[in-house]
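Common to both upcoming complexes is subunit A, partnered first by subunit B, then by subunit C.
And then the complex of A and B:
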């Protein structure tokens, strides 16, 4: 190697480091200012409404993150719906269907565990069911050009009412008609010496998604598809297939979340679906808060669950209405997610416009 | 976004939170200490307050207890079903509360799963039962038959004032609590027939849902087309659709018909068309549970509240007014003021519920309150079917566990 080229290499390397350092600094300022602003804004709202902000934050964080077992249990389904939103988005699709993918995962896992008395079969069945439902939306998008946002919202409601019908009309518990048949005792997943097993499974799944995304051929193709479908085509891979894979993987994550929820936490579903409703939508926030990165999503789900748990205690301890805690959580999460979402939306929308 | 940037963001968040946490830590624990006042936590259903029904009634009962019994009450709304077990555990372990009041049937499973682990924690479950008797758990149920029977008499009387003889009910799902309403309502109708000699045509329709106003609307319209003059709503949100159907029926000039609400006072929704509501006093149940702790008369197992305990009944003017006020505060009552609602209801009641009907109501009420008669609670669907069949044939005693209605 000649001296000239070596110095050139050093030059480019140092240049890269410099620009990256600028990026790091930007991230640092962005994140810290977001959080401080959120806490301040929430604090002002609290003070105006006559609550002591320090006291409220104290309760929110102390109780929210004080009960580790509860915290990890609660973050399990949220982590999975976070992935259900994030993975398709990496390939360029907005999966709003985490909601129904979780419902069907929970319901199929319930049935499978009820009839086979096996949690392994329950988990597998729930995961497959969620994945198939996700892939269905992906197939509609790719082969029929149906916008995945619209179709997944429609599918959400179809499955919401379908499962309500099945639980209240067919698979209800005769002793308590508002509940579905229960998961048999031998198929439930219990914590091992206070360590949340369902959380551990969810973390393993997230790590698996990380490996798929960043260290496999499929993951690479999905990421390229998300950045530019034209480049994917030019590079010789089929972006359509990558999109379907991403929906399959996303749906499977939500299905697994639903399965873990019924097998490890609620052991049945109620006929108003209050056990599962809303988890998919919350997953959208978690996916964005976790910066669409499987490892980030693990942490985001824990952070978000802590806030949700703490919010309940804020009502108990301060007498504030539950909507106040929800507002506070909303402010914090939005402030943390917004800089990233803004960039993401701009780049994705520009990309879509270029193609279409 | 690269992994390193992600890590950086996380580190920043953690540093700020840990810093804030440490600062707050030295500020001391919140909500600790205090006197020896009896402390109660009321845990709502997932929906929480603002339903103008169950949860709001529980709140009213607890507020009354706070004032009259000098207790401290705190409230909590769980986010979802999955939060219920961990919350029950954490609250029980804290030992801070003398009583946990659980509002609504969603708590049944979670309570059943935790009550045995905390024998020193008292639980009161409102309007549901785990089916297990425990010394630390009181399941408070209502004798719905008693209020439905009174409503049956009133509905029959109103139908005659409206120039018809058919009454009906839009019911929710075919489940045990609804069986009790069915028996009571039909009993009241047959009691009216027996005492006045006026025949009443009885329609009962299950909709299979407590949440679908659309189904409530169409079911009610069908019943009205079959000639029903008065409809009793027994289906939660579904029967709001029934209210709408009756309002439209009147406004479109298809005939005159009236509605009857249930659980909370629902007259405020349309006082011109809903002159009366059956009461299921969740507030009384919550108060009763707290009272048992305060007065040291705690008793585990199933407790039923009926007319005698004022756990069920017919909403009086004060009740109508307090719910109209609640609705007014939450901006759901728009066309009237709460006082308007009360005066319209008063007018409607004096117009459509005649003295002889009230006499019959009070007569039956007395019999129930004295303990002269008591209703059966069917345990199986077959038993329920049989009671209904017997009642339809005019055998009133088939619905009674104790006493008899001799003509």
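And then the complex of A and C:
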């Protein structure tokens, strides 16, 4: 290699690094500044309601992020429902069906593990079940023109009651009639030397989704479809297929979330579904908080579970009503999810820096 | 002594990603003049106008309107100061009537205004300007030129006395351009100041009083138009010599590569847009397809590419019937297509590299369908170098490139695929003189290599300069096909207007 081309190479490499670093730096500044804003906003709400913000935050973060294993366990299903919302949205669909996709994933995983005594089969069965349910909604949208939000909500309720019926009427545990049959001991997923295995599986799944999105043709096609259907058609992609794939992948994530939850945490499902209810909806917030990016969603799910756990401790320690913690979490998340405020700030900052 | 109406002083603009688009620009516009702005792609023309219109803020610098310093926080502030801007992409609501659109835009100023008032105001304005627009027609049914007039009327109803037009002629046919110019002259008589961005030197000469030439974020000169020649303008803007036109040889016509037989295609509304078109394309030729926009050329080429289905007739590629082949399969056969809209040909939120593999994804996949990004970077880099694309990096979102540079990426991508059949629609749309010449030379070079090119363009100069044969489309039918030498610009104009050949020759 001649000296000229070598220096050229170094030049392009350093340019690439520089632009990339600038991107990461910008994201970092954005996120941390918005986090500070969010905490300030939450603090103001606390003060207005007559609580000591410092004390509450102290409890919230100390206890919320104190027990790492519990924290990561708890974030596992949320990470998956976050993906379940994010992936279809990248292709342009609103998947509100993370709820039912998670229920069915948990339930099918339970049955599969119960009969086969294998957690691997449980995981696979749950994932596939969630994926199929997601794809079903995608197919309704593509071939029947049924709005996916409406069908998702309907399917959510159908499965909510169906699974309650199955658990309380068919697959109940004779010894504990309010619970489903349990996951057999040999099919449960336990932490290995205090490392949360289900969390590790979820992280691996997120990384896999990242690869699919940004390094495979399916992901590329989904992204183009979400940004411009006309461009997708021009490029020779089939937007319908991309949408169905995105729902399949999204549903599979939620299904996996349900499977991991039941195989690694609850080992059974109660007949009120309180163990699984709401996780899908929370996933919407997590997906947005993570900016529809698999890696962002990993972080968002941990952060959010920390808040959820800490919120319960706040209740316990200060005697505040549960609404307080919910309000606080709501304020923080909303403040975090308003991205363009800080985009504006950052762009101003960079501009100023360049001028000086 | 002319009175300045706009004074922009030492305007600097640095975009958030660090691109310095304007490096201290001074611009003075005189009251009542038509002021052309000329400059290479990426020179900063659009940026400067967006600043004047309050859409973006300058990093530093001052703007004075009528001698008074202003600080715009958004287009509304500019509109209140009497500034109107007509974008290339119109902002009308396509499914509303003209009147409804006008009403809507005035409601923003005056909530209580009634449709009748808008109609009276509009009719008065049209009388004054001596032009007619069907107020009760739905906007999407109107030709582009008329839609543009609606846009202008819209700004005038909002009492604009300064009108900014960013490349208004690039979507128009020659006749429409003439009509636009007539209207602009009338507006000038009424005392309206006009700023006019274009890449076409002839238009600068035809319409403007003065011209400002920009290069790389700076003003090179502001001149009286009457005192410069087109050649001088070309030299000042992009440093090229206009007198040495590229030589267009005949080319050697080879096999028939595409035969279209009695093709019928419907548009979005289910109406027949292409009505029994038969056409042939040979190797080693450029077939120019001339026509006023909206006469079926878009539907025709989309059917050839496969984006749209033909419900009758057939398309043959060599000996293969491709009528029901998918878009992707046609691309793999060697068909390549540059659409007339960058909105479709590019994904604005994706970066330059991602955009440069859009229509060729399958060539960048490994066995397990993983995208080979380093290969994609090489392609992007090749396009950027060969087509002289000005972009901060290969990872910049395509929307941060100037219009002309986006165009170069799109055309460059399709040409780099080495197509056998190259369908190009408005390939030099928004390109500066030099880039236009480059793209035209590229097309000729491909032709000389034996490739087939179907050139769709509203620019008749372009059709006349490049084509071996010409076809004219009107109302979804081919009015005439023949050797280039059989046509003149005038004859093409008549044919495009639906006048039959027999009547022309008689």
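Rule of thumb we're sticking to: the second predicted complex is superposed on the first by the 305 of 356 C-alpha atoms of A that agree within 3 Å, B and C clash if a C-alpha of one lies under 4 Å from a C-alpha of the other, contacts with A are read in each partner's own complex, and residues count from 1 in each chain.
We adopt the following convention: a residue touches a chain if its C-beta (ideal position, glycine included) is under 8 Å from a C-beta of that chain, and two chains touch if they have at least 3 such contacts.
No experiment lies behind these values; they were computed from the predicted model shown.
In the superposition on chain A, A:231 contacts subunit C only, with no contact to subunit B. Using the contact criterion defined above for the overlaid structures, shared-chain residue A:145 touches neither subunit B nor subunit C, since it reaches no partner.
Taking subunit B and subunit C in turn and counting the residues of subunit A each one touches, the greater count comes from B. Of the two partner chains placed by superposition, only subunit B is touched by A:266; subunit C is not. In the superposition on chain A, contact is made by A:217 with subunit C only, not with subunit B. Using the contact criterion defined above for the overlaid structures, shared-chain residue A:39 touches subunit B, although it does not reach subunit C.
Shared-chain residue A:292: touches subunit B; no touch with subunit C. With both structures placed on the common chain, the touch criterion links A:50 to neither subunit B nor subunit C.
By the touch criterion stated above, A:174 is placed in contact with neither subunit B nor subunit C. Comparing which residues of subunit A touch subunit B with which touch subunit C, the overlap is empty.
Across the complex, subunit C meets subunit A through its residues 12, 14, 16-18, 20, 59-60, 306-307, 326-331, 337, 339, 343-350, 354, 358-359, 361-362, 365, 368-371, 373, 392-395. Residues of subunit A touching subunit C in their complex: 15-16, 19-20, 22, 211, 215-218, 220-221, 223-224, 227-228, 230-231, 233-237, 346-347, 350-351, 354-355. Residues 1, 3-6, 8-10, 12-13, 16-17, 20-21, 24, 27, 29-31, 41, 46, 48-49, 74-83, 85-87, 90, 105-106, 108-109, 131, 173, 175-176, 208-209, 211 of subunit B are the ones touching subunit A in the complex. Here subunit A touches subunit B in the complex through residues 23-24, 27-28, 30-32, 35-36, 39, 54-55, 57-59, 61-62, 67, 69-70, 73-74, 77, 168-169, 175-179, 261, 265-268, 270, 272, 274-279, 291-293, 295-296, 299, 303, 308-309, 311-313, 315-317, 319, 321-322, 336, 340, going by the rule given at the top.
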